[in-house]
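Please see the structure below; I have some questions.
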């Protein structure tokens, strides 16, 4: 293989890892929320978009810049999610989870619609923070600093979340409440509060992904839904409700998508769905799925 | 004795229900015959296509309890295929409709075979994902779909090679005929032993399995039927309105058909038709405020899920059954 | 009936811990408790006995707050807890060991043991717990609670609520499906708990076991108390009790 095509492959794999970083963050949020609330959160895409717009509004107009936005926006998105959970979700916990999907779908198109009214459907430019401009030539590939930063943050957040859930006492409470919320409540643990906080954290991950996406992808009202649908396929591949599955499938599919761009560019937008079909044939529960 | 009494009472109420349904059907058909004199006919055609689509969707969600979030792929792709064969090969309308239905059925068979064993929420996600794949394919397969432009000016060829339907007035009767026939066919399916089995599966799947019913096969059959009728709706739309575009195959349409069914009444016979009238009506009222349509749709969704899960017709039936 | 009640009052006027009066409960539309009345004094071990579906577990789930649709009065140490959320009730010192044991398969044995938060300083130390249940010590590192045997799971389920300092225990059929040797161990544990002043409300169908540990018995049928007597009289009442328990 000649030098050029190695560079080409490495470049596409890098783009794949970056896309995968976003898939993983979004899928992780979906998995956590589904585990705890038994709801597939269709709003995840809309809240990702909200995060990106907030980065633009809060960062550019309130003058706290990218770094301020990176901290503030996920928190704001999380709080917004908490309000929505408190106001809307209580009525649907005891009925078919399908209604949770429909409810969050409705809320998602409301949020998206409002942003379209305010900002129109055209994208809004958002620039990379000065401190992360430029890049480094790794020999086989040129790595822009900002993209490296995105991958780093995503990896740290995914790993940290996984560790927190699998290895800490609070994580143990979360896992237990996922299995049998009633029993956990009889120990004096406030499960409804945990549910609300979990939702807040899950959507804050979407908000974080949105802030990080703002300088890379164009910020537009419809940016959320298209990535969300791909994320759904990622979640099905990883196994619904599986934290590890969400992370592994997220990065893995990003990379597969990148490689497809090199070898079979026409299929790059559909390869994730083809992968989903194959997984459904071979391993219907998903790669790491536990549930039926 | 009591059991017999209550049995006759039940069959009485079934007969009454049937009578009411027949009256409703006659009223609907009557209204649709007058409608084009009061409302722009092509608008009514649009309602008919959506109503047919929603009825087909209801065949799955209402009668088997399965939620598909990807019905746009059947609707949209059938529209493309029906348009394509009309345009490129001069297929007669009835043939184009058949091609469209077959497209829906085949897609339904493939997606259904992969997805049907997964319950509720999983099925919704899988169908949504596959529909998105079919959307991307529609963008790419220029030769058939016309890509971003879609298929414009699809010809209305002669019905059976004989009857000219190429005018607003004539195409209305064509669309109405197709709609009423398809509506009756779906109603018949619901009342058939097959439909009864679907109902049994929806109400208590473990019990149906223990009675020896191959529920997966029944569900797949329902999925394919629903996809085929959705395909009929899509191809009817392509021929009557002479247009098939990416809008027809996008996820918004999948959401819209859920909304129509939900608003009208999931599982009722006439609910989806009412839902289609409401949704198209809303769209007309909001003409000029297009930006607000998603917000309104979303709000209707939220309200329906929170307070109004039976839908308009379901609510009416509920009130009457109480008396 | 009158006589029996007098016998239960053994002269010492212990404080009433729990008083349930005219308790009604529903699963959806179906009415399952029809005016349940019972009293548990401090330090007592009281059983609820009856057939499957008589309403014993439902009564426990009303007390710990998991039952949603309930009416009547439940007083715990002078506070009405009927409308309280389960987690608040738990923090008042009521702990539950449910019938399915609720051992979590996604938690290690150690995590299962340490899951319930401490309510006060009066709970048992881990060492004391291992003295009671020596088998648990070796199993502490087991990766999943689901890998324990039925008996070990039951011990773990009891052990973890003893750590917290709760002193009013709701035990739902702790002997169900267990080998006699393990049942004996649980009986010994309940005796030690009695000496330490714990109050226990025990749901049981195993009469011999109940007789070996309890102070008093309530017979439950069709969602209400149909009989009650002191354990001293349980030998005389044996036939009657067996009739209550038979199908």
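Each chain gets a letter, A, B and C, in the order it is written, and its residues are counted from 1.
Going forward, a contact is a pair of C-beta atoms (placed from the backbone, for glycine too) under 8 Å apart; a residue touches a chain by one contact, two chains touch by 3 or more.
Note that the coordinates shown come from a computational prediction; the quantities given were computed from them, not determined experimentally.
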Length of the shortest touching-chain route, chain A through to chain B: 1
Chain occupying the middle, per Cα centroid: A
Chain located farthest away, centre of chain B as origin (C-alpha): C
Leading chain pair when contacts are tallied as C-beta pairs: A-B
Whole-Å separation of chain centres (CA-atom averages), chain A against chain B: 33
Gap in Å, rounded to a whole number, between the CA centres of chain C and chain B: 55
Distance from the mean Cα position of chain C to that of chain A, given in whole angstrom: 45
Residues of chain B that touch chain A when the two form their complex: 67, 69, 114-115, 117-122, 124-126, 128-130, 132-133, 136-137, 139-140, 251, 255, 258, 262, 291-295, 297-302, 304-306, 309
List of chain A residues in touch with chain C within their complex: 169, 172-173, 175-176, 178-180, 182-192
For the chain A and chain B complex, residues of the former touching the latter: 40, 88, 91-92, 95-103, 105-114, 116-117, 225-226, 229-230, 232-233, 235-236, 240, 266, 269-270, 272-274, 276-277, 280-281, 284, 292
Contacting residues of chain C [partner chain A, same complex]: 64-66, 85-87, 89-91, 95-96, 98, 102, 104-107, 111, 114-117, 119, 161, 164
